[in-house]
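Both of the next two complexes hold chain A, though its partner changes from chain B to chain C.
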Partner chain A sequence: MVNYDGQLYTIEGVAAGLIMLLTAFIVVGTTSVYTPGDTHITDMQLEQMGSDALHMMNTPNTSAASAESALQSMIKNNEKDRFGETFLSFCDTTAGGTTDTLQFSADIYYHKSNPMPEGSVYKVNFTESRHLTGGEHAVRVTEWVQVDNSVGGVLLPASPPLDTRVQAVLVEVLVWRD
Partner chain B sequence: MARLNDDAQWIVLMGFMVSFSLIFLGIVINQSTVVGQTTAEGVLEFPKNDILNVRSAIFQSSTLQSSQITPLSLTDVHDDIISIAMSRKNAIVSYRVKCQELLDPNCVSKIIDIHYNNGVTAYNETANY
Partner chain C sequence: MPDDGGNLSIDFLAGMTLFMIALIWVATMIPGLLIGLQSRSIDYDAVAYRTGVILVEDPGMPANPPWEIKDDLQKDEIERFGLTISKETPNILKISKVERFFCSTSFSYPDDYRQRVIFGDRPYQFNISLTTFDGMVNDSVGDIKPDGYGYIRRVVKMKYPSNATIQDPNIRNSGPSANVTTHIFSLNINCTNLIGDEINPAYQINPLRDQILVNITNLSKARVFTNLITGDLLYNPCSLDSIKIYRQNPSQPLVQVRTVDDAYIDGGSNLSAIPPVPPGPIVNDTVSIIFPAGFFYGMANDNTQLYINYTFTLTQKDNFFNNSFTSPYPYNYDPNKVTQPKLKEGVLEVAIW
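And then the complex of A and B:
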């Protein structure tokens, strides 16, 4: 014969078991490190900071119509070193006084209007702080720059050469933390 | 169930309440782990900087148009922006610059139509510049 005496103890035992399982679940869950979310968050911060730095460089110092931004004159005169110094000084500055260890590789994409096939887009490496080996986890930031190559300046050493006219080029920078 | 003892029902009830509240807390903690990821993914995928940037490039190029007779769509800069946006940003960009008044010979004030579409986000604007 089945005895009904212990039913309440059984139910309480089941409830206590559930509580213990849930406690273990919560304790283990709260102490784990969530890698996917974390990398996305740092990517987002790096991308925002890089694109802000490029935007600062592409802002002219005065509002005069003829004013050229620093980035415009760097591309027009092929000032690689000045670009690297300015970009890294914007990106590596931290609130604590120590400098960050960001690396970058900048390419410039340009479009030629004259030779066929029309609409071709070419790339020239502008400058880089370290050569990209492929193992880096880099984010891509871009900035449109309107460069006046019609008068003066030093053309970028690109093949095929850039048109000597006013043109819009895309500066594309890969940024990664060392 | 005839001789069932009804004592200690409170203990059973409390046990169930505590277990269910713990399950609820577990769900909340489980959800909180994906919040940072989805937020960051949303920010990374939404082309806010691309749109702002192509917009300022278009505004900058619109100063090249100084009269009604030579539309900007015939210039090389217009082709530059459209070609590079297509090949590097996977975005279709289309824009047109009109002079605001027919009697404005130097085309000082302009109306600019901008269309941007990268397959996920579409952006259309008519700006007075």
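And then the complex of A and C:
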């Protein structure tokens, strides 16, 4: 026989439940002050580290006129493995002797004026430590790098060759933590 | 028999909905009202970031003369620590600043550091560490880090100063006029050229601010002569009688400004005194002098020519380490003569709690 024992007859029960949920919401909300700025602290730390790493990779260790930065050399000679090792060693090393667990994906943007269409900008994936699936919370760091291809020969992976001239290419690296 | 005791009227539903919306709105405002209290972890990260920027992107205050050449008695004049060479070269740290910063005998933890690099009203605890990838530098100041702390990590490069290793065979003089007992070897530091020829502070040799190391070696080969009677090889005893520094500013005469009172002799780890009156210490093979950063600051300017004259005395007349008949050895940007400044990678980490 059907009866009403399991049903909620009055609004008091619903209201009490909602008030309990609200109380929990308020308690959590007031004890954990999570402002939009907080979400960027971790991003800022990653971004600063990645930016520093790229900048230092693009700083030659000596002043000799022939000295090119490690980053210039890596792009010029398509040294993908060396880029990955160097970038991660810069980002992962801590002063305390432990290591961080960062991942990256590096792209190169370059402008190509010859052949037509003039003014085309190409993007090529240079190298990556792990394939970006889309679920990662990555930050973007960039560095302009002067690449001397005046005599040709600079080959980027699976892409149209650079113009035979000295040209600035943009290295963009997405960095995220495991 | 069913009744309608649990049913809701539309009016009540509307009123309840409005009430709930208002309540949720007020509840979401409360955290914003308390934002002034701030979370400590947010504050720690911000202070760590600020400290990292000061250390890695600022040369410190005073900048001229630089704070790192202030001795312990003058440390109250240091307003702010900063490890970079200049504002134009962020992330490029100067090793003399680093050594001074981490000197535990000069600065006491935590007060000296709180006043000059951490700042803030709260007495923060901190740990600042610097490590180069080649292991040459591994310095730290502060407490052991607890479980929760704010931090920033900066990738940097350390500028290692220039040095000159001068070997005897290249300098040894010959000819009858050089066959004497007293020999003078002169080294020229041309501030005008050194500061003007390389404008990037990251690679510049700046005698006024950088350490300069001069290492003279292989002197034993210059002291060898042959006994004309027996044909045996003999070593001519040699003493280092003085090291004098001369200065020449534009349109001014050459003047002696000071003497160097000690030097590292024959690879020893202790300094050997050079007395004001000869004879000086016996030298078998090497003489090394380290002019610390700022050594020349008070005695020279951007247009000064400095000459460092070594006077050696042999027991027997002989040709020896002597360039007084030719020209002073130039301390310049020629890598064949001077090992140029070099940058090496490292990481600086600031932890605040």
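One rule holds in what follows: the second predicted complex is superposed on the first by the 140 of 178 C-alpha atoms of A that agree within 3 Å, B and C clash if a C-alpha of one lies under 4 Å from a C-alpha of the other, contacts with A are read in each partner's own complex, and residues count from 1 in each chain.
As a working rule, a residue touches a chain if its C-beta (ideal position, glycine included) is under 8 Å from a C-beta of that chain, and two chains touch if they have at least 3 such contacts.
Keep in mind it's a predicted model, so treat the numbers as computed, not measured.
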Touching partner for A:T142 - first (chain B), second (chain C), both, neither: first
Contacts of A:I41 with chain B and chain C, given as first, second, both or neither: both
Touching partner for A:L22 - first (chain B), second (chain C), both, neither: both
Partner chain(s) touched by A:N125 [first = chain B, second = chain C, both, neither]: neither
Touched partner set for A:N77, first chain B, second chain C, both or neither: neither
Touching both chain B and chain C, residues of chain A: 4, 7-8, 11, 15, 18, 22, 25-26, 29-30, 34, 37-38, 41, 44, 48, 55
Interface residues, chain A side, partner chain B - complex: 4-5, 7-8, 11-12, 15-16, 18-19, 22-23, 25-26, 29-30, 34, 36-38, 40-41, 43-44, 47-48, 51, 55, 65, 109-111, 113, 119-121, 141-146, 163, 165-170, 172
Residue ranges of chain B touching chain A (in the complex, touch as defined): 1-5, 7-9, 11-12, 15-16, 18-19, 22-23, 25-26, 29-30, 33-37, 39-41, 43-44, 49-50, 53-54, 56-57, 60-61, 63-64, 76-77, 79-81, 83-84, 87-89
Residues of chain A that touch chain C when the two form their complex: 4, 7-11, 15, 18, 22, 25-26, 29-30, 32-35, 37-38, 41, 44-45, 48-49, 52-53, 55-56, 59-64, 89-91, 93-97
Parts of chain C lying in touch with chain A, wherever the complex brings them together: 2, 5-6, 8, 12, 16, 20, 23-24, 27-28, 30-31, 34-35, 37-39, 42, 45, 49, 52, 91-92, 129-131, 133, 140, 145, 151-157, 198, 200, 202-203, 333, 335, 340-345, 347-349
